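Think of it as A, B, C, D, E and F in the order they're written, each chain with its own count starting at 1.
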């Protein structure tokens, strides 16, 4: 029995709200149950130094948590003077996942920065971030096409992400904080709409996981991601 | 004529939403027109080192802007490795303003941290922050009373804040970004419910302001703050 | 009765010494009683990045306190690895105050940096800094004219600053540390020689201040600033 | 054909040298071909603050690359003033992997820090680090038993790690730099001696990987880790 | 011929002014010609962590240059966010030199921090700092005796410092900036009143120096330090 | 009697191993007894900003200690966020020493960075670093000649370094950690092959040293450096 009463293969309630704020070229509030992340996409007509002269664009991501998005207040990273290891790991993961869905040459010499800021956390902030970030990125691409900066979309796939884990000996989908903090194993899966893997990050918190457990988790992830992609397409169709 | 079409003494639409997020002891989304700030109050049962052994509590504030809360993306302060001067100025102002309304001895040896995070900026983020922060602080105090940590409220007044300025030669109330960026003079006023001043910060951006201009601005501020305090009381009455 | 025995409208002894050190284009030791600040103006033939291509110059200020300028030793900001919020606030205030007196286009594409370093502190370091900084800036302008870098002075006004406050229920002028640390209200006023306000920063430390108290303080500030401007002109006439 | 001429399921030459330096409680030079990492284990009789009062010990890891361990010189992280995201990711991975093999309660209130410093890099530094770190950790445990600080080993398993990937359409084991930099997919696998997974980190660099490709890679990883564990046991038997 | 017209064995004009500022337990302005350094000694009744439980006190030094103490403005180290290597070298040298003259056990569990801040630089700031710092330290010791914190002075010697160098092929004493910047060799010598060496730091800027050149420089240093010690004693006798 | 049983004028066993790692243009493991330092020379075809337009090259050095190169683990400087004063002192010393042996104009507009990383420390790491760094630098120069980047060597001398000290009242050569930590006086000497001094850094740890003690130490240094230069030439002849 899951703490939330959900079935093992049941996602939390998923909501994707576009145009959540007015300044960004893409602005999406994504909610996986009580986890709420604001994903904004900002287009800038410049590229990072390491890409100069290569005729390519860049997609990068930054991640942050509001200090009281969590149960007890976390110190603000700007006042600590540096981003922690977990923050860096997550923003690198988001950036890589999105770059896997886009042709950077076709994007042209510009940068799209995706900011994922957690307003409220209840587990799965990185998977919600990736799922929402894809929609914000899509909106930024639409903006570029409308502004006639590019002729057609450089996106060649859809990307979404979900967590799976072993909780009380059972494989479960889309862990909330209550499950996440007691799960034996936790895996974040990023997939594209062809059902292939972009990222797979599994960690045995309690005990190492066997091949059959891995397979059960991967099966659940495929189910969850299919539903998330429907949600993304519905949001984009509005 | 104001860019927004408002009368000189007219506030933007003001909305104060309590319980905006679920973890904090006080969580308020305050909106001054398109300026939206999330103010959370976090209670911690510890005090900063400089208060040890003095039998007092502490109220402090931190301020941040989401990178794309503004028209063009700002670099994240956590990735720059430090908070800028403007951020520090504003969070010090919020903290002082709230401490002016509370008896720190009666609060007891605990800290309430108010985080003001700007979701969307359109001028007046610091005055909106103070106005929303007071409501979040009130909720945190109510929480402490309900939890029997304190017997009665250590708050001895109500605090709100508004900006005034000289725009196109006319004194105006509650400047939005379009006005703020072209105003000759800009003043942030923090007052209590006795009509007295807690903070006054006036800056001549274009030309120095005369005594009569100062008086016109102060008159407008008093009008605006009275209405903001009604909004605060209505929100708290819900 | 004031701790120093001064009348409510009486400044401390004011001394302005030019050419205090030999390298800077302007070098002024300003003394407000026991408060001693060294203000140097440095001319550099370059501008900050945000002004490129705009045909303007820039005036900026930095502020620091020697570690033992105060009663107990303060940690050196360079060894802490960052400037504190108070330092940033003050140096931003000094910079804005001086920029209000100069035509940046007429200055041409160069930067004048004013360094205000507190040798000994006894209250009012920021107002002494602004008052001394103006003289150092004037000397740097004279240097530029003498070197034929500019033809005539881009300064269009004189700037000075003084603090006022409510101490023991009475409005007083130019607070020293003994008053400042126990004042109910403290206000820093920056004015030009036309009697108009450039900056006004009032803070209620103990209780909020009423309109009539504000008016008494502003009256005292005008008296004090008039005398400070005489001192500035006398120093510059030497 | 692999650039090195190896078979798809062939590890590079593996060398594990214990007691490489004299001060540390465990000191191991691990070589995966031209990749050389010095892993030292340091025992300290204190625990991090977050474990106080819990009666547990801690295993943590730090990772660094000598500036010229790589083809072109990298800036020293100490002179940049911070550790990069990749460094943080790797040291967090090493720490988690080792903690999965030990009973922290049985370790007692002490910390073992594993430093993994890359002397020469040729791909797979993180998997070599984990594999060598386990041996250094084992030596530190033996030291503690010999010094009668603990009675029996708190280790409950053996840990090793290897990379696998898809290179030129073929699944290959233990990628060197030439393969790693052109691989379509790269996965780091950490397993225990029961054949279960501790960590799985797969990244699609070029194109997303299918389930059958994942399975091929996992099969190779199991083969490689079995051999690495023999090397570890041989080294420890000396 | 020296740029200043001085004889090879001639010091610049030396002035040592005690009680230069009012807050510090020792406050000395030391002038070696146009080099002016403010040395303050601050007594604090605490010791650094590494001395806990050892029954000893500590002497430490910090060094800084005002941004425009030099010919062209230097960036403020507090705004750069770190102290440079030269600053660290110098403050470590000053601290070691003073500790060589004191019995730390007899000082008792307290710290004396010597701050050496360069008001105006013209070569030899580190040797002037050490020479002035000794006088400030002496004053702080006298303060401790007067306050009955210690019974007798823990100082067991006098310390002074001077630079020597090879300039235009000739050994010269107490180099000013004009000489220092063109000297082939530069050596800072710290000695005690028994004529023995505390520190010797010689650097060949242009060409390596021979034994006979070293001897000539050491002879000059001894002459200079003898005179500096007379100046120190005269200042302390006032 | 020395702790190691060596004669006062006896070096530890000296080993210089070239081509220790494969990527760097010069890579030398230098061993002074149990002190082991890896010195790599990296050639980069760019110069630091302060040399632009001067037609010169640059030699610089960086120094680091592996965290467990020492008896107890030191905190990693990259995780502390800054290099300590000792590190900065040493790397500045290495850089200056090497620059004294080379004609920077003849090197051409390129930078050679020498990284000295201490694998194992037992006293004398800076003198070993300089001695090994010279060999790595020589190899990098040979590489540049072979690649036809320069026609002939810009090196005009050989550089080596050794420590000397007063231990138990006797002058001794090449102190190991056991001696270094209890020596009354410690001096690092850098010389060239003409027998002249490049750097001299003497510090009285316990008591000040007299002229005759200085002379004894300098005599030993000359003996030691002569032998070190033979070792360097032998290594380079291989």
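Just so we're on the same page, contacts are C-beta pairs under 8 Å (C-beta built on N, C-alpha and C of every residue); 3 or more make two chains touch, one makes a residue touch a chain.
No experiment lies behind these values; they were computed from the predicted model shown.
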item	value
Chains touching both chain D and chain F	none
Longest centre-to-centre distance from chain D, chain (CA-based)	C
Angle, in degrees to the nearest 5, of the Cα rotation that carries chain A onto chain F	120
Chain D against chain A, contact positions shared by both copies (same if over half, else different)	same
Rounded Å distance, chain B centre to chain C centre (Cα mean)	28
Distance between chain centroids, defined by C-alpha means - chain D, chain E (Å)	50
In chain E, residues with contacts to at least two other chains	81-82
Contact graph of the chains (line, ring, star, complete, other)	ring
Successive chains along the ring, chain A then chain D then the rest	A, D, F, E, C, B
Residues of chain F that touch chain E when the two form their complex	82, 84-86, 88-89, 91-92, 96, 100, 157, 187, 191-192, 194-204, 207-211, 214, 218
Residues of chain A that touch chain B when the two form their complex	21-24, 27, 34, 36, 38, 40, 42, 44, 62, 64, 66-73, 76-83, 87, 113, 115, 117, 119-121
